[in-house]
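First chain written, first letter: the chains are A, B, C, D, E and F, and each begins at residue 1.
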Amino acid sequence: MNIGAPRQPGPEPRVGVTPEIAQRYVEDGHTVQVESGAGEAAGLPDEAFREAGCEMVGSAWEADVVVTVGPPGDAEVSRLTPGARLLGLLRPLEEPEAMRRLAESGVTAIAFETLPRTTRAQSMDALSSQATLAGYQMVLEAASRLPRIFPMMVTAAGTIRPATVVVLGCGVAGLQAIATARRLGAVVRGYDVRASAAEQVLSLGASFIEIDVTPQDSSASGGYARPLSDGDGTRLLDGLAPHLAAADVVITAAAIPGRPAPTLISAEAVSGMRPGSVIVDGTAERGGNCVLTVADQVVRAGGVTVVGPTGLEARAAADASSTFARNAYELFSYLYDAEIAGADDEIRTGVTITRGGEVVHPEVLARIDAAQMDAMT
Amino acid sequence: MTLAVGITVFVLAAFVGFEVITKVPPQLHTPLMSGSNAISGITVIGAVLVAGQGGLLAGILGFLAVTFATINVVGGFLVTDRMLEMFGTRRRPARRNPG
Amino acid sequence: MSEAASTLLYLAAAALFIVGLRRLSSPVTARSGNLMGAVGMLIAIVVTLLRSGIVDYTLIVAGLLVGGTAGTILARRVAMTGIPQLVAAFNGFGGAASGMVAAAEFVADGSSTTETAVTITLSCALGLATFTGSFVAFGKLQGLIPGRPLLFKGQMVFDSALAAAVVGSGIWMASSGNRSALWLLIALAALLGVTRTLPIGGADMPVIVAFLNSMSGLAAASTGFVIGSEALIISGALVGASGLVLTAIMSRAMNRSLANVLFAAFGGDDESQPEGIGGGPVRRATVDDAAVTLAYARSVIVVPGYGLAVSQAQYGARDLTDRLAGRGVKVRYAIHPVAGRMPGHMNVLLAEADVPYAQLLDLDEINDDFPRTDVALVVGANDVVNPAARDDASSPIYGMPILDVDRAGAVIVVKRSLSPGFAGIDNPLFYRDTTLMLFSDAKAALESLARAVQTA
Amino acid sequence: MNIGAPRQPGPEPRVGVTPEIAQRYVEDGHTVQVESGAGEAAGLPDEAFREAGCEMVGSAWEADVVVTVGPPGDAEVSRLTPGARLLGLLRPLEEPEAMRRLAESGVTAIAFETLPRTTRAQSMDALSSQATLAGYQMVLEAASRLPRIFPMMVTAAGTIRPATVVVLGCGVAGLQAIATARRLGAVVRGYDVRASAAEQVLSLGASFIEIDVTPQDSSASGGYARPLSDGDGTRLLDGLAPHLAAADVVITAAAIPGRPAPTLISAEAVSGMRPGSVIVDGTAERGGNCVLTVADQVVRAGGVTVVGPTGLEARAAADASSTFARNAYELFSYLYDAEIAGADDEIRTGVTITRGGEVVHPEVLARIDAAQMDAMT
Amino acid sequence: MSEAASTLLYLAAAALFIVGLRRLSSPVTARSGNLMGAVGMLIAIVVTLLRSGIVDYTLIVAGLLVGGTAGTILARRVAMTGIPQLVAAFNGFGGAASGMVAAAEFVADGSSTTETAVTITLSCALGLATFTGSFVAFGKLQGLIPGRPLLFKGQMVFDSALAAAVVGSGIWMASSGNRSALWLLIALAALLGVTRTLPIGGADMPVIVAFLNSMSGLAAASTGFVIGSEALIISGALVGASGLVLTAIMSRAMNRSLANVLFAAFGGDDESQPEGIGGGPVRRATVDDAAVTLAYARSVIVVPGYGLAVSQAQYGARDLTDRLAGRGVKVRYAIHPVAGRMPGHMNVLLAEADVPYAQLLDLDEINDDFPRTDVALVVGANDVVNPAARDDASSPIYGMPILDVDRAGAVIVVKRSLSPGFAGIDNPLFYRDTTLMLFSDAKAALESLARAVQTA
Amino acid sequence: MTLAVGITVFVLAAFVGFEVITKVPPQLHTPLMSGSNAISGITVIGAVLVAGQGGLLAGILGFLAVTFATINVVGGFLVTDRMLEMFGTRRRPARRNPG
């Protein structure tokens, strides 16, 4: 097949195929078309692609299989060939309408976001690989903004106490943030609604904040969390407040797939925090875990700095591209093999959003229906 | 030798036996057992005395005793040595590895 | 030879036994220790042959030749795997010999004093019970008799009655000087040896052989009292006592008490073997077993998993591998891409313990090395070493790349139980022949291993 | 005495007295005047100073003892009272002219830069305390700019190899950079001309780059390095180049007091580096260790990013202020006690630049003379 | 009491001695071990008093009363610091008693057989040499005799001649049965005891006392042969052998061989004590000494310095403190602001080894705790614990705050030599009475300490 | 008791003595020495026999021997106990300390 790696629209520096991975496609008997300059921002010059056996083209959106990172804009969708496969982080649950349009243009859309979180599927799990990098970057962001340093230091000019970092939402990103902050020497506490998160937080040498709320079956649902009831939500906010007041840095990464990020930090909680402290909200794109978060802006509330950086995973563009490309390769190969074998399984049904001109993913369909109901009433 | 002296000797030897085996690594359990088993074949000297003193029944018993005890002694030491030999080839002198 | 000279030479032999035994308990000196024992024995035999009082050498020489030849052949021929049963058999012969010497003494002189009566009874009873008990053990080890505990209802009562009957026949023998009493005594003791050994499980046989060894030592000592030989008393007491200590050490190494081993089949077995979903039997290792396996390996690959993180065992791991490296063992860590619960989980931990990057290898780099590796040490990992992912197309994790630890010479798995990992499926690795399970918290296990490796 | 803590001119967020230290001055019987808003940028509100017993004033430059962080501008100098003492990082060797002007206005100028580097003087050593923070910040800067992450990670999406960080100049800042980069998981190599630096680098678990140049008596001179001969300089450049080519991040902190920073990275060396790699030059203010460095600008050369951030120590303004204030307190107290005792010692002669209307520090005097010679010829 | 009964009771006493001795070698059981020894002794004495053959109890009772009272008073009254010399004195009395018993036997019966002659000679020689040797040791320990080696030219020759003369007078005594020979023998042996002990240095006295103890045991055993008492033979042999082992252990703990201790004053002393700039003598510790000091402390403060960083000993430090904490010792780290070579150097290292922040205290927080701390363990730090900075106004670092480790109950300093630190000045701490110097690379030292603490 | 038996007993007891002391921690060196020293006072039983058998010179020697040996025994055990007592108060049961 002909695999295409287009240059991403917007500020996205990542690319869906790296020279290393391109070589594997080629070894598997495919051809790879890379849009000229697609890898530049990730430190991958055209030269490297060419050496790996890729064809450098003016536009790669016309290929049989298009590996994109983020969702394509309208302009890009129009360049896709009907019958082509589009692989990427397509935001199917957030933008079900866009999926309908993809279906209409006859494209088979394959989204990483709806991959089941099984052991077998981990090598294809781009959410995890990118979240890992985001978690690391959140800590760098916080450390750069904090007017203090993270580690404890006993020096001739006095003792600098270690910074206290609170991490809310200990999924992949949160756990990596915990690990990174610990490495830098901070005292770290983590919180998550999932019961199994406690052990995971402890396994990184951090402590866990115990708050007595029982989420609605939150460990289930393919490894993703579920929302809390209203009462529990308030209790959670209240329970977290004293921990936030004692923190120098708060990093949030609590999310529920396909829904706005749960609110974990109220304006009052922020005003109770120490002057100089920093909140890095990793969920700004989904509305933020902190009510004051504004995506990509620095908000100052009292002495507290609240930032909601987006595109965190893209900062380490080289590593982000190489891990993403590897995930895409694994997913593509898996589906390709399954297709040849005529097999249909959990993974394939999970990731396939549109096929044969139709939206086929039940959850996306449900969202489209819900949106239509909303529009009608 | 009086009984009291015999008991004295027995008790002292038992103390030695208790003390002599302190902390045996598990891989030596079998060889050690086998080796001490061979030593328990010391009864061969009693058997020799019995077999040498004449008399039919005692003679038969003595002959059997010598035979049995000798199997125990000879076989015991040999098989222990075989075990330890195998063990020796696996063990190399410990050398220091930096880092 | 004068009485005094022979006594002193016997003493020299005994001293050689003592020093020999002591050397046998350390790997470095063991072989010379065995040799010293053999030399001691030679001295003792030669001294005896030179002693006055021997009227006829024929039977002696015949016995020495037959026994020596048989012993040599048996010891040479046996396969390595057959050694435990051979030791059991040898031990039986020794016990029988002691009993026979005492019996011959009775036949020749009768039981003159209470003292003699008691010691002859003891020698015969201990010797014959050792004889039959050892051969039951031999049968179990050789697979001639089923390894599982064989017992019947009321056996405890029966055995007690049998023991009482042995004592009774001893008293009869002493009081009457009747030879029939002797034969009865011998028969009953032999029967007791059988009934006391059959109920003991095959896995416990090594402990039982050690115990029977101690008994044959006591039989020899008791025979020493019968024939008035200090050499026998000393050597017998030595073997009796050291054998008992060894028995205790061995049962402790199995996490059992001696009483538990001897009577386990009767009482409730308080030790519950963890059962996996697959339910098969597993080979359970002690820390000492595992430490020796590691310490004497040429190369070891450590496979860390989520359990290592949960118990924060990274420092213990590093300590252990440092010490192994110090012994000249080649040590590496195999990091599976999804080990732990977040990407890079193992890296974070091992970096914390400052395990050198050069020792960390990922799946692709190390997987081909397992067949050339002596020991794979799996610490709190489960799914990532599950051969089902490779071999069993029906497994939900089929197709996931795994670390091929099962291809290493031996596998030691440290985890707390047989319960499954994240994927929730059973792991056939645990039930393999080359796998030793060390059930323990990872941190505790690694710390004890590090200590044990030091002294192994 | 009356201690004054003025608001700093320019973008400087640090302040010379913190509430904690103010309390100590007060306990010692002094009064403290703090300029309103002086601590704001370091997260120290006026309120906190007031609670610590300070008098809040409109201008603190008129006090008996003025604790400034950086050198005052002309406007500030004119507000100083004759006979007053001015304590701070005054750049006496770099700006000897300014010292002359301070002397003329009758101010006793006391500079941290010329403090002898003895064990006894360490609690007063503001260069060290600030360099420590700068070293930490250099690593954060590099990590944020690198399109890769520092630690090694074996993940389902491939193995990310650890970043290689080379630190040139292992003084206080360089050593702290080494420690911080190691904490984040990078493979770190250090280089310094001082022979004793090798052991220090190893003591932090990093490796040392051996290059055979013998600096002119470089361990001497009160703990500071001396320049290299020309031949050695070139040999050094050549020797470092291969190490730079293998690096993802280069952090430089090589300096010689009162002189321009030695050149350690040539343009060719930069062009030999990997695309995507980052150079953080901590000596931009002194001309930079890399020839391409431009202070406070991001220079891209080939795929390499060269940054020369200034004011690094000021980024952790809270910790920087508290350690600086502590140093200043220790120095002031020491001098005050010595003055009362009438004692004159190494420390006092070391730090006193001007006194009684004269420049008294021999090295500064020598520079003034040299400058005048230059101007004449 | 029958002969057999008394023999068996003596055996019981000997068994109590054996078990008692064994228990004495572990801290946990030592006290009960001593009690067992005392009970054994009581049994032996009572059995002896009840034996036939005693015609007059007056002297016996008188001796027991006088000796018992004197022993009790001495043992009660002595100050703790005087115990070593008291033990030496007791030992001397024991040796003398053995010699006297043998002498009395000679006086009463003469030397009937070669055997008796040899054993009487041995008893008298060993007993009297022990007597005088012990009192010389007492004098050295008590400070009555100079502690330094006292010897004259050609002493080695003189001593050898003396020893030959002892043997000669023994032969004379045996052949002639002449009492004068006995007195000569005794006088010569007593003199030999003095001349062999005087040349040994005061610091080696504990080893010598242990050696003399072993000799008094042998004297008792030899007396056992003289009077035909197994109890004496067993107990004497026991003390003789265990005393010799103990002597060897003690000299090994001092890094010396026994021969080196005994003859060091004659040969060149091959052991060169490192000399500081200050040049004073230092108290040098072995790893075992240090480990015991740490293991049995209530509270320990670790002071890390640049040397810890240089040898990358942070993991060893943590391992050691973890194990100490596991034994219930309160452990903290005192971080001096300028320890190491860059601000926060120690923090970076200890964080790397994941020492809990709660255990890290800075100078201001911990300095007042040193007087309440049993042991301060200084690892590769020097300037930051130099009391000159506090006490000596002429010191270049005078006025720098230091960690007051010298105020702790004991200080253990781990460094490679007495060479100075960064500031280049000597450290009076090293020469203090309460300071033990453990000369070693920090990493090696901490790792061995961690191991040794485990078994202490 | 024959000489040979005496030697046997001596040798066995010496073996026990060698074995019984394995690894003594340094803080027990002095108490152990003192305790075994007290045991060497066993010569008191010989002294008692001598003192009790009559005769002037033997009597004097015997009396002295009993006195000396008793000092050794009584003083030895008491002083050992004092040392160990002091030691006991310093030692508390080991308890586990988290972290």
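Just so it is clear, contacts are C-beta pairs under 8 Å (C-beta built on N, C-alpha and C of every residue); 3 or more make two chains touch, one makes a residue touch a chain.
Computed from a predicted structure; not experimentally measured.
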item: Fewest hops from chain D to chain F - one hop per pair of touching chains; value: 2
item: Chain separated most widely from chain B, comparing mean CA positions; value: D
item: Proportion of interface numbers common to chain C and chain E (over half same, under half different); value: same
item: Chain located farthest away, centre of chain E as origin (C-alpha); value: A
item: Intercentroid distance (Cα basis), chain F paired with chain B, Å; value: 34
item: Separation of chain E from chain F, taking each centre as the mean of its C-alpha atoms, in whole Å; value: 16
item: Where chain D and chain E are represented by their mean Cα positions, the distance between them in whole Å; value: 56
item: Whole-Å separation of chain centres (CA-atom averages), chain A against chain B; value: 71
item: Contacts with 2+ other chains: residues of chain C; value: 14, 18, 22, 230, 234, 337-338, 343-344, 348, 351-352, 354
item: Overlap residues in chain D, where contacts from two or more other chains coincide; value: 122-123, 128-129, 132, 151, 153, 155-158, 160, 183, 185, 205
item: Multi-chain contact sites of chain F, meaning residues that touch two or more partners; value: 1, 3, 5, 8-9, 11-13, 15-16, 19-20, 22
item: Chain-to-chain touches, reported pairwise for every pair that qualifies; value: A-C, A-D, A-E, B-C, B-E, B-F, C-D, C-E, C-F, D-E, E-F
item: Touching residues (chain side chain B, partner chain C) in the complex; value: 1, 3, 6, 9-18, 20-55, 57-59, 61-88, 90-97, 99
item: Complex interface listing, chain A residues touching chain C; value: 118-120, 122-123, 128-129, 132, 172, 175-176, 179, 182-183, 199-200, 202-205
item: Touching residues (chain side chain F, partner chain B) in the complex; value: 1, 5, 8-9, 12-13, 15-16, 19-20, 22
item: Chain C-facing residues of chain E, complex; value: 315, 318-319, 352-354, 451, 454
item: Interface residues, chain E side, partner chain D - complex; value: 306, 309-310, 312, 337-338, 340-345, 348-349, 351-352, 383, 389, 396-401, 422-423
